[in-house]
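Going in written order, the chains are labelled A, B, C and D, and every chain counts its residues from 1.
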Amino acid sequence: MSEKKSRQTRSDYLFFHELQTRWKDNDIYGHVNNVEYYSYFDTAVAAFLVSRLGLYFKTNPVIAYVIETSCTYFAPLSFPDSIKVGVRIAKLGNSSVRYELAIFKNDEDHACAQGHFVHVYVDRASDKPAPIPDDVRFAMLSILTPAASAGSL
Amino acid sequence: MSEKKSRQTRSDYLFFHELQTRWKDNDIYGHVNNVEYYSYFDTAVAAFLVSRLGLYFKTNPVIAYVIETSCTYFAPLSFPDSIKVGVRIAKLGNSSVRYELAIFKNDEDHACAQGHFVHVYVDRASDKPAPIPDDVRFAMLSILTPAASAGSL
Amino acid sequence: MSEKKSRQTRSDYLFFHELQTRWKDNDIYGHVNNVEYYSYFDTAVAAFLVSRLGLYFKTNPVIAYVIETSCTYFAPLSFPDSIKVGVRIAKLGNSSVRYELAIFKNDEDHACAQGHFVHVYVDRASDKPAPIPDDVRFAMLSILTPAASAGSL
Amino acid sequence: MSEKKSRQTRSDYLFFHELQTRWKDNDIYGHVNNVEYYSYFDTAVAAFLVSRLGLYFKTNPVIAYVIETSCTYFAPLSFPDSIKVGVRIAKLGNSSVRYELAIFKNDEDHACAQGHFVHVYVDRASDKPAPIPDDVRFAMLSILTPAASAGSL
């Protein structure tokens, strides 16, 4: 039905952010609702940027808009699972960046979900696409996958 | 960077569910956070099924697992926008179904976001894939797109 | 165990905001999770202010901090219930305001939950308490309960 | 405007659950939205019960309904703060229990928010109040505050 994706492992990722599931993440079937996985992705991307750049999002003249996200779900999560979200960058363009993300449950080595997240940088005032600032780009290079190109997208 | 998708219009959809944005859907930039769009999708699929089948999810012997979702964001939403979520089915297999969804803001005719949502039906007791029950399949046929096939996926 | 509160009716309220429950509001027991009621309250207060003042929150020099909230739950809600949130003001001080709120389910006349919400206005720049601006105060007076005093708190 | 509450410290609490804030917990003003504090409380109560009783909530014949909650907010939280939620029991009745909770930010010793949470136990089948089961009561006694009485409420 959909392109088959193989489950990745922790060694495929370059930055990790740990999160605790919350009681209300569970749905009526006792599993974390599909929506919450995106809040784990969203938080891990922000945590990566904060870890490198501090609270840049409060004052930076450019802001990042999310223009595309996806997730493939392999195995359920449930409260009170603890998770680590793996983050890497697969494409780095002039004003956009494609993150790839995976969710690792408790001590498991294979991802229980994988997805991606595309940010486009825009000028806060004009709302027009803007180049990724140099310090942000430098931080991003540190988690660029070997196979990725940092050139044009 | 990603496959270009053209913005669809209301006439591309066959079922609609109306929702109100909530104050906390807004993020620090004053736009609905990317995560919440999936709760609109999730709610619209459930609302479609309830509209045809009643509160089937409380007692049915099979349950639907979400195995894949995606969203492309074209234009921002903000509280207090009101939205209508369009729902249609693009593929209907033996035990799985691919929904396509679009979010229409206030009176706009072009979608501000579009995505998809794949459900696989499993037996509640055995957790193994199970055929979509006849009454559910019958409901699904009512929003199958003309281009879709209801055969094998 | 707690002060007994009597269930109020729609006639006890002066402003109403309609909301749709979402699939993920339901918890593992099939009822709306206790947390979400506060998002209904929060949204209804914001909707009241927007209805009178427009998108004031984007530009106003003072902002409102929530310093206290509570909720008493009388009867469960579940997706796909539709709700109306009743809003009134019980106390209006120089820089603070006490909202009282109630949630009415579908066509029911008695509240299924009631609570309150205290806002303190602060200057956006200095973060110090600031008088409620005149236009905001004027809006608030329109939903002040007869028993309330608009004087000192 | 409201009863003044003094900010408590970590030594006032008997069980702690650590949580990470999420990006979307932040509201338009860059602070954790008032609603999310209740998801921290809700999660900490569940984590306490799971820590003592395992995944009791999946199979136990009684379930706990939340009938009352409140929160007083002293100082803001923001992503990426890490928090510890303190939990204690102030009243333990035949079928109900009053938890008191406090949120401690990063390394701070004073709570940035405090609240309470009342559960009433009901029989899952009949939906009528039921005694708190002995094993659950035994777990609860371990975090009963010295000043509390475990008798009638």
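Rule of thumb we're sticking to: a contact is a pair of C-beta atoms (placed from the backbone, for glycine too) under 8 Å apart; a residue touches a chain by one contact, two chains touch by 3 or more.
All figures in this text were calculated on a predicted structure; none of them were measured in a lab.
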So which has more C-beta pairs touching, C-D or B-C? C-D
Computed distance of Cα centres, subunit C from subunit B, in Å: 31
Any idea how many Å lie between the Cα centroids of subunit C and subunit D? 23
Counting only residues that touch at least two other chains, what does the list for subunit B look like? 23-24, 28-30, 33, 35-36, 39, 42
Sort the chain contact graph into one of these: line, ring, star, complete or other. complete
For the complex, which residues does subunit A have touching subunit D? 17-20, 22-24, 30, 39-40, 42-43, 45-47, 50, 58, 79-80
Can you name the residues of subunit C that touch subunit A in the complex? 23-24, 26-30, 33, 35-36
Going by the contact rule set out above, which residues of subunit C touch subunit D in the complex? 1-2, 28-29, 33-36, 38-39, 42, 57, 63, 65-73, 76, 91, 93, 96, 98, 118, 153
